[in-house]
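Shared chain: subunit A. Partners: subunit B in the first complex, subunit C in the second.
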Partner chain A sequence: MTYVADAIGRRPGVSQPSALPPVIVSRQTASGRVAMVLFLLAVVALAAMPWWAKTGTIRMVLELCCYIAVAQMWNMLAGYAGLVSVGQQAFMGAAGYALFVLAQTFGVNPFIAIFLALLVPLVLAVPCYMLLHRLDGPYFAIGTWVVAEVFRLVASNMGFLNAGAGMSLNVMKEYSLLERNIAMSLLCALLILVTIGGSYWFLRSRYGLALIAMRDNPVAAASQGVNVPRLRFMIYIAAAVGCGLAGAIYSMAQLRINPPSAFDPMWANVAIFIVMVGGIASIEGVLIGATIYFIADRWFGQYGASYFVVLGVMTVFVALYARGGIWGAVSKRWDVHWFPIRRHLIYKPEDKA
Partner chain B sequence: MTYYNKLVKSGISRRSVLRGMGAGAAASTLAMPTYLRAQTAGKIKMAYITPATGPLGLFGETDGYTVQKIREALGGTIQAANGSTYELEILERDSQSNPNKAAEIAGDLILNEEVHLVVPASTTDTILPVMEQAELYEAPCISSGAPWQAVIFPRGGGDFDWTYHFFWGLDEALNTFVGLWDGLETNKKVGMLFPQNIDGETWGNNDYGLPVPTRAAGYEVTIPGYFQPRTNDFSAQIAAFKEAGVDIIGGITYPDDLKTFVTQCNQQGFKPRAVTVAAALLFPGGVEAMGALGNGMSSEVWWTPAFPFNSTITGQNSAALAAQWENDQKRQWTQPLGYSHALLEVAIDILKRSTDPLDREANREAMAATNITTVCGPVSFGGTPHKNICTMPIFGGQWVKGESWPYDLKIVDNSVNQLFEPEQKIVPIVW
Partner chain C sequence: MQWFDALVQGILLGGMYAQYALGMALMFGVMRIVNVSHGDLVILLSLIGISLASNFGFGPFTVMVALVPLAIALGWLLQRAVLNKVVGDDPLPSLIATFGLSIALQNMMLQIWSANSRSLPGGGIESQSIQIAGIYVGLLPVLVLGFATALTWGLDLMLKRSRFGRALRAASADVEAASMTGINARAVYASATAIAVGILGFAAVFQSLRSTVAPADGGAQLIYAFEAVIIGGMGSVWGAFIGSMVLGISQAIGFRLDPGFGVLAGHLVFLLVLAIRPQGLFGKV
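Our next item is the complex of A and B:
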């Protein structure tokens, strides 16, 4: 196992003054570099879907991308910031509704409206967090659920949103199949780039270091000068917008929105399952968990209640006996991180001369 | 991602994996389907999406059963009008009563399985999202089991190309309610219960909902606002009804909510002479759950064994269908049974009449030209009241003490459709 200096070069190796041993801080690994290339290829492949995939495949990939995005946002909240939320669907639904109102009621191009719609979760997340941050642990979780329920109740009482009857996105018919496919593919690529790539970038930055310290022990991190409340606030807002983007893209594909489908608590279950089974506090875990959920849903979804029981039992089993999830078990055995975020100190005395 | 792409490209499915597992043992029988396929002109794929599980599972209960019966009756093939015989595969999927799931499944079946006809059965939550997908991706879609206004107006009204629906309309159901109340001696004051959801808002609408014909018939209407589905406190509503001196309760609720409401009415000493509610009183289970309080509840009737039409597939009449269900399931018949059967009758009839059942456009033309008498009554899309809609007969019914089951549903009003005489007269509730 050899480490070389950071290839990205944003934080190049630091030669220390003579009093300290000469070390190099390294974050990138060979597996990380390979995974980075594969990730970029995957994003390009997503964007190029109209040229290699059928409409049906694009639709399925879109669903998978939404699972990955929502799970990664939940992972950032629960895995790093210590904010266990079961109400992220509040922001998914809010952005979904914003898209429908802008596109259907005001006639904005839906593919532009999707980005304007992100302002809604952004703006709503601020007062929500002001209320929620006073709550701790399980109380915070219940609080987020209450927020999502309040959103649902408000939406089902607003005549402007067509109340309980919901809205349809008829404007999609004005675009040809190819246009819709291109737009959906680009949106998928963007969603993955923003949620996975963005999280990776964030975790490798200064904030990431603080976040990892906070994940391990918030009190100790605070004593080292990490501004824990501010960091949590940033993560909460970012997760709200990330979930909003996923929600808007998902409801655009669904063509219909109504309060129970927009603010579906199922999303919280899906995110928890994906992150717990895949491996909490790791991007790799989200990708693995999302793939498992996606395939399980396709193959066993028709078994209804018993299928959910199996998913639930799996989650509980993993939470009790394999807390790191699948990726936790893998990374214990082989040190081949796809998205390495750990810093390694490499002692190289020969460099000193 | 890469694993998934590989999966999609190679077209692996759970079924093919399972099939692969059993391939060794079944090697000899595997040759059979190929041999059969050689004789047919192709395989017709029909998507059948039903709420088999979830809160609306009761509506989908008869769907899976009926598909099984129809499969047996057809023997896996269809003789089309163009002279060819086709293999028929019915892809049954569970929407889990969830509109998101219904849309996902419909998109998958239309785009990936490339089905030739989409058949969403029962409830607005399943039918509406499927219709949207079918319309956008241009797949013929025939449905039943939701008041037609609820699947047309939320989509903006207008004419549709690919989605046709047959069921009674809200207006007729509403007139049935008024017909039921006209049969009773009351103070002509009606209190109404509507949940805050798509059905409640459609039924409670002041322009085309239940209040309109009720007021027109000279009744005084009290609506204490919409309630949240699955609430456990109706005190506010009951207080409002008491204050208005209401004699009749009308509206739409789910069984759980009605049970809570009626129990609390009894506890709080509010005793209306009639409780006429849509949806909740469709199923014997909903009535039985109320115990002794279930006696005398009234509701709209979609279909009962008293309907006089015969099935175009099995030749059975309605009474025989109900008897077969009770015999197979050891449970009382339910009203969606008739529509489960009628929907498949229409779907099979479309495929039979289509000039090319493997072509969506041809199936769409056959669908628009439908003219058939199902166990629930005649179905044809004549343009009224809407291009994509055929309205079906509806009656008023009352649950009374039963013979072989706790409660029986009797037809007590035929003011909307005079197909046949009511079985008996409506009686006030005895508290």
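Our next item is the complex of A and C:
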């Protein structure tokens, strides 16, 4: 066999041999299967939290899940689509406010409202992208920040949202602590399943192949028929909704929302630190980075400003000397991906005998 | 009359924004880099200036004489230590590096100077006003606008006429071709950043004279500089200057309409320009 089958299929217009080449495309690995089982177990464990964890633990795990979700959305944007955003908090706050308005002002069941609220970031992300995609590379990033500021200022000026004073989610009083814990645990499990599982599924699909090609070289990918603008648009919208879900869950757990906390730029710092230190363009990196950030926050958070100086300097260091982050260094040495998205072509000569 | 007053105040406010925007336009034009810590550098320089004034009893112009060389040195160091390693086609490394620097600087300033707002005592200059065409304008804002105009004019002249300006324009057009003709791109980049941050030395003095500064203020200054550059149109220093005026006028009119609406009005004008004229008012297509 002198030709190699590509992973998408055969080229049209080229006469095909009657049989496919004896090549199979393998995407799964042993480490990937183990990690898949562990991931599913983790999702089940998250959903079952009320039976093994205290309320305080559930709150902490919820925070960690939000970090992971927001960081993974940032990773999809910056790591794959080449869209560096420092304003994803816009969509977190928008979904949070939508939840509070639906549940508190209109009396919708909060656990239904949390899903309806996702329509708001979905709808808002479209015009935002239409405007922002006109900005060149680094200017796009600052543009997303302006959008987040606009959202915050609009929320601070809207009497309907109780302006700067913010809103409380009093309807949650109608539910017992156990009911709320069950809901929070299920939402955590769902958040991880959608953001991590969803990204994994997307990256392994046909679109994922196009996305990886685009990450490596957008111009070359476009020349191979990848619709780069459309793919970027899709990722931006998906990331807005993913961040919206994290924001809605986070503010539901907080029971209060006001403009500075809903549109907190801290989320951009956290996402960038997690992804860059953990390792950009990999799901493993997000999990590693989020764990490091979460532990560091618990241990060193008391040192306040000096702790953030260290985080900032570490981010600079990673950008200058270790672009791949921790997972980049690990995967260079050992080929044990937890979420394998590469395609391996395995050549299997047919048995003629 | 009230709207004419808002217009004048807006232009004067624009003078302040122009001093931030010039450096950003220069750095983006030359290196395609946005320095996220641009605003934090203004605040850092302001706080150093305030400390100099209170410890040694310096007047505002003595502070300026001390700050501008310091700012130039800081810019040169920033380029040599950080930015030269991240300049390139991929915008991610430079953004992340300067973003990390911004977080580190903000929190370092918080540790040294605490979260309090401070300002630079101007020895009366900040409260003097002059009457022009029936309205009173502050002497200080007029001075700020004068400096901004002079800086823009000087920068434009330098880019167009001087040997260094030619090297800079060559490096921004095609860095490889420029290297072939004997231009040392790294040295040109270092000088460009030194100038960009050096201008912030002036901005720092004026910012801390006309209002207060606190460690967390840097983000807003970065956003104003960015909006001014985009509104004016990339690739020209006069574009950045005019963009600053448009931003200042939008904010001043917004503040007249409703005190909570001023900054938002500036953002909305920026988004409007992005929607109907994405290349900026003076940008070439």
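Note that in this section the second predicted complex is superposed on the first by the 328 of 353 C-alpha atoms of A that agree within 3 Å, B and C clash if a C-alpha of one lies under 4 Å from a C-alpha of the other, contacts with A are read in each partner's own complex, and residues count from 1 in each chain.
Heads up, the rule we're going with is that a residue touches a chain if its C-beta (ideal position, glycine included) is under 8 Å from a C-beta of that chain, and two chains touch if they have at least 3 such contacts.
What you see is a predicted model; the values in this text were computed from it and never measured.
*Asks:* Once chain A of both complexes is superposed, is A:Phe294 in touch with subunit B (first), subunit C (second), both, or neither?
*Replies:* The answer is first: A:Phe294 touches subunit B but not subunit C.
*Asks:* One more residue to check, A:Val226. First (subunit B), second (subunit C), both or neither?
*Replies:* Touch partners of A:Val226: none, neither subunit B nor subunit C.
*Asks:* Quick check for you: in the superposed arrangement, does A:Leu38 touch first (subunit B), second (subunit C), both or neither?
*Replies:* first
*Asks:* Now for A:Ile326: first (subunit B), second (subunit C), both, or neither, which partner does it touch?
*Replies:* So A:Ile326 meets neither subunit B nor subunit C here.
*Asks:* By the touch definition at the top of the document, which applies to A:Leu245: first (subunit B), second (subunit C), both, or neither?
*Replies:* After superposing on A, A:Leu245 lies clear of both subunit B and subunit C.
*Asks:* Touch test for A:Ile341: subunit B only (first), subunit C only (second), both, or neither?
*Replies:* Neither partner.
*Asks:* For A:Leu102, decide between first (touching subunit B), second (touching subunit C), both and neither.
*Replies:* After superposition on chain A, A:Leu102 lies in contact with neither partner.
*Asks:* With the two complexes superposed on chain A, say which partner A:Ile274 touches: subunit B (first), subunit C (second), both, or neither.
*Replies:* Neither subunit B nor subunit C is touched by A:Ile274.
*Asks:* Of the two partner chains, subunit B (first) and subunit C (second), which one does A:Thr315 touch, if any: first, second, both, or neither?
*Replies:* After superposing on A, A:Thr315 lies in contact with subunit C but is clear of subunit B.
*Asks:* Quick check on the output: what are the common subunit A residues between the subunit B footprint and the subunit C footprint?
*Replies:* 153, 156-157, 305
*Asks:* So in the complex, which bits of subunit C are touching subunit A?
*Replies:* Going by the criterion above, the answer is residues 28, 32-34, 36, 82, 85-86, 91-97, 99-108, 110-111, 219, 222-223, 226-227, 230, 234, 258, 260-261, 263-264, 267-268, 270-271, 274-275, 278.
*Asks:* Report the residues of subunit B in contact with subunit A in the complex, numbered from low to high.
*Replies:* 1-5, 7-8, 13-14, 52-54, 92-94, 96, 98-101, 103-104, 107-108, 110-112, 128-129, 132-133, 135-137, 153-156, 195-198, 200-202, 226, 228
*Asks:* If we count contacts the way the header does, which residues on subunit A are in touch with subunit C in the complex?
*Replies:* Within the complex, subunit A touches subunit C at residues 78, 82, 84, 86, 131-132, 134-143, 145-146, 149-150, 153-154, 156-157, 265, 269, 272, 276, 280, 305-306, 308-309, 311-320, 323.
*Asks:* Which positions of subunit A touch subunit B when the two form their complex?
*Replies:* Checking each residue of subunit A against subunit B gives 38, 42, 45, 53-57, 59-61, 63-64, 153, 156-157, 162-168, 170, 172-173, 250, 253-256, 258-261, 264, 266, 287, 291, 294-295, 298-302, 304-305.
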